[in-house]
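Order of writing sets the labels: A, B, C, D, E and F. Residues in every chain begin at 1.
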Amino acid sequence: MPNTMEKAAVLVETLPYIRKFAGKTVVIKYGGNAMLNADLKRSVIQDIVLMKFIGLRPVVVHGGGPEITALLKQMGKQSSFVSGLRVTDEETMAAAEMVLVGKINTELVALLGGQGARAVGLNGKDAGLIKARKHLATVYEDGAARQVDIGYVGDVAEVKPDIIWTLLTNDYIPVIAPVGVGENGESFNINADYVAGEVAGALRAEKLVLLTDVEGIYRDYHDKSTFISTLDFAAAKRMIREGSIEGGMIPKVEACIRALAGGAAKAHVIDGRQNHSLLLEIFTDTGIGTEVVKGEGQSDEC
Amino acid sequence: MPNTMEKAAVLVETLPYIRKFAGKTVVIKYGGNAMLNADLKRSVIQDIVLMKFIGLRPVVVHGGGPEITALLKQMGKQSSFVSGLRVTDEETMAAAEMVLVGKINTELVALLGGQGARAVGLNGKDAGLIKARKHLATVYEDGAARQVDIGYVGDVAEVKPDIIWTLLTNDYIPVIAPVGVGENGESFNINADYVAGEVAGALRAEKLVLLTDVEGIYRDYHDKSTFISTLDFAAAKRMIREGSIEGGMIPKVEACIRALAGGAAKAHVIDGRQNHSLLLEIFTDTGIGTEVVKGEGQSDEC
Amino acid sequence: MPNTMEKAAVLVETLPYIRKFAGKTVVIKYGGNAMLNADLKRSVIQDIVLMKFIGLRPVVVHGGGPEITALLKQMGKQSSFVSGLRVTDEETMAAAEMVLVGKINTELVALLGGQGARAVGLNGKDAGLIKARKHLATVYEDGAARQVDIGYVGDVAEVKPDIIWTLLTNDYIPVIAPVGVGENGESFNINADYVAGEVAGALRAEKLVLLTDVEGIYRDYHDKSTFISTLDFAAAKRMIREGSIEGGMIPKVEACIRALAGGAAKAHVIDGRQNHSLLLEIFTDTGIGTEVVKGEGQSDEC
Amino acid sequence: MPNTMEKAAVLVETLPYIRKFAGKTVVIKYGGNAMLNADLKRSVIQDIVLMKFIGLRPVVVHGGGPEITALLKQMGKQSSFVSGLRVTDEETMAAAEMVLVGKINTELVALLGGQGARAVGLNGKDAGLIKARKHLATVYEDGAARQVDIGYVGDVAEVKPDIIWTLLTNDYIPVIAPVGVGENGESFNINADYVAGEVAGALRAEKLVLLTDVEGIYRDYHDKSTFISTLDFAAAKRMIREGSIEGGMIPKVEACIRALAGGAAKAHVIDGRQNHSLLLEIFTDTGIGTEVVKGEGQSDEC
Amino acid sequence: MPNTMEKAAVLVETLPYIRKFAGKTVVIKYGGNAMLNADLKRSVIQDIVLMKFIGLRPVVVHGGGPEITALLKQMGKQSSFVSGLRVTDEETMAAAEMVLVGKINTELVALLGGQGARAVGLNGKDAGLIKARKHLATVYEDGAARQVDIGYVGDVAEVKPDIIWTLLTNDYIPVIAPVGVGENGESFNINADYVAGEVAGALRAEKLVLLTDVEGIYRDYHDKSTFISTLDFAAAKRMIREGSIEGGMIPKVEACIRALAGGAAKAHVIDGRQNHSLLLEIFTDTGIGTEVVKGEGQSDEC
Amino acid sequence: MPNTMEKAAVLVETLPYIRKFAGKTVVIKYGGNAMLNADLKRSVIQDIVLMKFIGLRPVVVHGGGPEITALLKQMGKQSSFVSGLRVTDEETMAAAEMVLVGKINTELVALLGGQGARAVGLNGKDAGLIKARKHLATVYEDGAARQVDIGYVGDVAEVKPDIIWTLLTNDYIPVIAPVGVGENGESFNINADYVAGEVAGALRAEKLVLLTDVEGIYRDYHDKSTFISTLDFAAAKRMIREGSIEGGMIPKVEACIRALAGGAAKAHVIDGRQNHSLLLEIFTDTGIGTEVVKGEGQSDEC
């Protein structure tokens, strides 16, 4: 471990970064291994509280992970999937909401509180934060795409960020569960990456940081030498279109695109499996993972 | 139904009450039949939103009711009880928290939102709102009282109301689930009546209103002619001590006592089985149900 | 009379309207029978105070009616009229001002105060609220129109609403007497309808409501079946030009036009002879009387 | 007239006084000759506006003078007097209120406005500013004092200064007519000196300045050599008791006593017949006229 | 000396000017004889404090004058000059900064404080107020202009006025020494006229007033009859170009041009040798000296 | 040097300290070797800016050191000393002020600015910050103490901290030169330790930290084993009285005593010769150097 003087030197090195990000809003999508592993979880919580105390304004959006499946199983409820999305009937949605809002969210809020931060849990129903609309699954059959209703799976229709601003300006850390509210008050389960991207856009955040289980984005996922440090907006869209970004990485890159399109300055896909990856992203020049940026000459109207 | 002119007359009649309560905080304990019956639920939601729009500051605390039992059953979990309190192991507590925070609370928030109010769900973990300590059950055996540890059943150790004030002063309706947070971040299930009483005291509320399934308090519960309109503080305490208040009414009266002791001006036990009982309590001279007051010559130090 | 439960139901019915008008400014022109009849007067005062307490921001403009004539008569002063307008020499103006500011205005302020509102009387001289310019009477002689100087009869040259905003934002109800101030500090008597219209425009009020002694506007005043519920801006102007609006209704419709042209959202001509007509206008879907609106495709530049 | 350099010197001489009174509230009772003579009137108006612009906070209270009598005469109304107080029936009160509020007050507001100040007229009904109670006249008959009801002649029961603070903090000059409001909304005519004294006390003003038609207070009114520069509180009371202050000077000295008792720092009786006497009082070391002060060793509890 | 009544009259005469300049920012360049002569110094200090107390917002920029030379001499340091500018090595700059910031500035702040104002000394390093860039001297040799590096003589590169606004809005008088800060934290001596001009522009001041040792600007300096009362922007530039303004007057006129170009409303060159010339400029219709204005039809883009 | 992960760990370790000191005011006396050595100087500047950015409110007070002597020497001015204090005539004071305010202060402000902080230089004249009174030297002759006037050497008579609060609440770092202002505007040189102590007391600072050239306080300065970690108030006073604290350490311990007596929470004497000693004091549990505290049972009235 570093000795006392080395510690002081480390602190002083952070000065330019602290200066740079003072008062800036950073939206953090928290999920994957960083949520499952106890050590990583503690490290993320510490990072977020530290960010808050040195003057940034973190906003946390979390996913649900395997806990929803566990509860459904415990309740004796079978799940079916269409194109990788869980078919979500009313009972399934209720279980998902209970886990997201009543378990994962409250646990995060308590952990942040345990480190001295004043965190407040939110979900899309609070002050109408996230209006949802139904998301239809796309099925390819006989070479044709078909839209299938899979229940209470939603997409973000609108973000009303007033409650987030109220909390941020009063020095709280908002922690958001990815549940949206429909026209009739019904709940929708929304992909947390999309929620994070839309929230970052609506807040015109300085950064969206997505904690993932990969090092970042690759031009060819199978060839580690194709790692991309900086990706521009147009290229990101093209890569999705052309299929070089695929699977679970698609919603992450799309979340970055939505964040930038909405008004966020930068978006980052980083490796949540590494301890303190959030701090490393903020407090080093090169950052870590892949950053997605607007690119020169690109207008705001994307 | 009243005709147009009669409607106008009704509105005008409310003027003195609206005037009287402008800007006042009213803590509402929502539970019992008013939570189970769809008509009553709609009526309560309308009343709360109306109170908000005509200038009061409602704060809602809700209980859990039979839904916790339902989930536990669905999860194949057996419950045992000691002195009427559920023995609450970690798994039971997790289920209770999911139901309270992730189901009942979100539903109330959505219903209030559906009527145009901006409601925000809270629980004891949010910004450290409700610190809990373990509540031991009292068992009487061989004529002696014994304290029994029944797990994560808690009592209110401290209310930190800053997040409530932040929400009230920004025109939101706080909706509070009765979950407290222990020293180590663990959750405790707390009787919602007590939470409501302590919150009303901490906010120095104008009123605590408890929606119950009885008309109010009786000197002798079996004799309807002994209904009490106004009960003073000292008498309430004496009636509990002497056993004339018993069973489920005890926590309600104790909640009133805590509210008044903490600084609330008045407390009311009203009949939630009646449509719009909240409005009737606020908008009539006599109010409804039983009111508990400090009583003349009684100091604030109770 | 409705019973208790019906009363509650009436209150709940008002919720959508209360929600809709929360924080909105409504300028009320108070005059005619509603000012002369004691019952109606009480009803109007109650309505205004209720509007205030449930979150609207009422601004009252009143006229003078027969009391000016009464004082002049008592002072032994003869009046002559030109084209329906009183020839107003200095002494007449002084009498008018004394009645408007020192009698009618103070009485209204006291009545509103008696109902618990904090009302403050204003006239055009207060903080330069209403700058006036001389209004010449138009006389038709030998088929030609001629402008005649009839003394201190004025028109609104400018509204400086800062004192109104100061009062509204500090929770007072401004009550305005229709006296304007000329370049040299002299007083002008201005038609209260015009004052109300100009004030509503300057405040970009949600509504101008004119209490009159008719049910509303008719296409043909003699044929009750030609009642108009909604009149658009262009049509209103055309009807004046074409003479289908005539007599005392002209200034009322012109006041509506001025309000809308200045930036108010809507204007209403309602029947002040009906008890609680103000409440009925605000708290029913159809409203009462005739509403004047901008009309589609019409620019702000009218 | 002084030349340019002398003018500059004069301005510089005022510096210590401007410094001393910056932000201080001064209540001015305006009445007597200063109100009747056009030159004096202009001089007072200029002085008040100058006070405002150099950073003081003037509040004006005016009396009624002979104009009430003039109107009553014009209306063919006979007045009778008891112990020097006009017997004031409802009609007389209405006339007084019209003159005070609708003539004198509006004229002062317009004159102050003409000099660039933003003045706002008030009377006791505005936001409940001056609550009045009936003042009985004292009649001495057969060596005994008897209280006689003379109608709507009142005394100050309570001052609610919130509207004055609202105006002062928004940079307006409040101008107050001495009309109070009774329990049932009825008007009372109150001696303007008393109103000024009570208002100065309620505002904890820096100064109350009474413009009168004498040079100040004399120990013996008939002997000019007995002029008093500084009078302390106890002495003032004693002089009234002993009868060395008499007639119209009594209410003035009592107004000073009320101002000091209420919390004002100083009170002054100055000669309003002198041009710019207000400025001279503020901007010279010795001031002019007689000052009434608390006196050493006298507690606030008078 | 004027008598008491004449004094009052003088005060009243100032009313229109006080009204006109209430809340307006005036940047005063203080230098020349007004700084050397004890009487004039006292007069300037009084004028500035008076301006502050009657509601203007003075900002003072001072020069250095002969005191820098005196210290250099005392330190045994020889000065050489190029085109009238002192060659300023590091030691010379250190001496200049000590005199400007540690002697002249502190003395002015203390004098203003002695008159009851709360003055705060600033220089270009405080909160980065004045960023400087090197100013090269222009030497004409063999008919050609050549730029010569003469050390730490600077020009204004940027004004960051936030600290001035912080002080003005908290009722302090900022007093600015003309020292700028370079990219690497080094000090630059900047002509105080230019600093005043740029500061006036950055603050969008109502006036820049330059206290000089001449009466104003002449078309032909040798012919007193060519005195110019009002000079427009374009003419000022032309006169410099054509050489009719020369020598020490050039930076003064250029300061006026910079002030107007930056957004100040007016600039004045006045005679600081006259007692209270600042007051005379502010409090007379014609003002004194020469005023430089934008001129009709001239855009802001100069 | 630590690797990336170790760096992150170091940052996380600081969390409890950052949390603890968020928003707290720390007064730093900067002097001694830390001012002379370029490396140490850079380290102190970095520490202060870092403290600011992570949420503390540093206030810097600096001394003068050998630079005053250097300037006096350069000016050919001889100094004489009485009891270790420089005899300070007017010319010497002027030189001291120029060095303190115009050289050391501006340099510190520029260095802090170079690291991204917005620092503002102050001295005792700014807004009357430090009122001084003459400090007499004590001479012991023939066994008797005698007071000797040694000119413009002062002590703190009063601190008026409003300008410091204005700067702190607007996010500036105040940097204070130890020059006080006398009754007549004259300057006084005051020991910077005393200034720091009085300022810390007046601000009720969380900490006063004195950077010195020793490790802390020893019970016996010659025996390093007598180092004191924590010293209480009473003991500190006793040690001065008994002579175990002597020489240059006396003003430092007295500064601590003044800070605590005035209302500061803690005072620290630390070793400024060590790099980043400020950070180490703030960010370690044990701190470094000697801390002086009130001690149990000691009232605020010391």
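Just so we're on the same page, contacts are C-beta pairs under 8 Å (C-beta built on N, C-alpha and C of every residue); 3 or more make two chains touch, one makes a residue touch a chain.
Remember, predicted model here, so these are calculated numbers, not experimental data.
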> What chains touch subunit D and also subunit E?
Replying inline: none
> Same or different for subunit A and subunit B, when you check if over half of the residue numbers at their contact belong to both copies?
Replying inline: same
> Quick one: how far do you have to rotate subunit A to sit on subunit E, C-alpha fit, nearest 5 degrees?
Replying inline: 120
> Can you spot which of C-D, A-B or A-F is a repeat of the D-E interface, where more than half the contact pairs line up?
Replying inline: A-F
> Just how far, in Å, is the C-alpha centre of subunit E from the one of subunit C?
Replying inline: 56
>> As a quick test, compute the distance in whole Å between the mean CA positions of subunit C and subunit F.
In response: 69
> How many angstrom between the C-alpha centroids of subunit F and subunit E?
Replying inline: 36
>> Chain contact topology under the given definition, line, ring, star, complete or other?
In response: ring
>> Please output the residues of subunit D touching subunit E within their complex, sorted ascending.
In response: 1-2, 4-16, 18-19, 22, 43, 46-47, 49-50, 53-55, 115-116, 275-276, 279-280, 283-284
>> Applying the document's contact rule, which stretches of subunit C touch subunit D when the two form their complex?
In response: 71, 74-76, 94, 97-103, 105-106, 109-111, 113-114, 118-123, 125-128, 162-163, 166-167, 170, 172, 179, 181, 184-185, 187
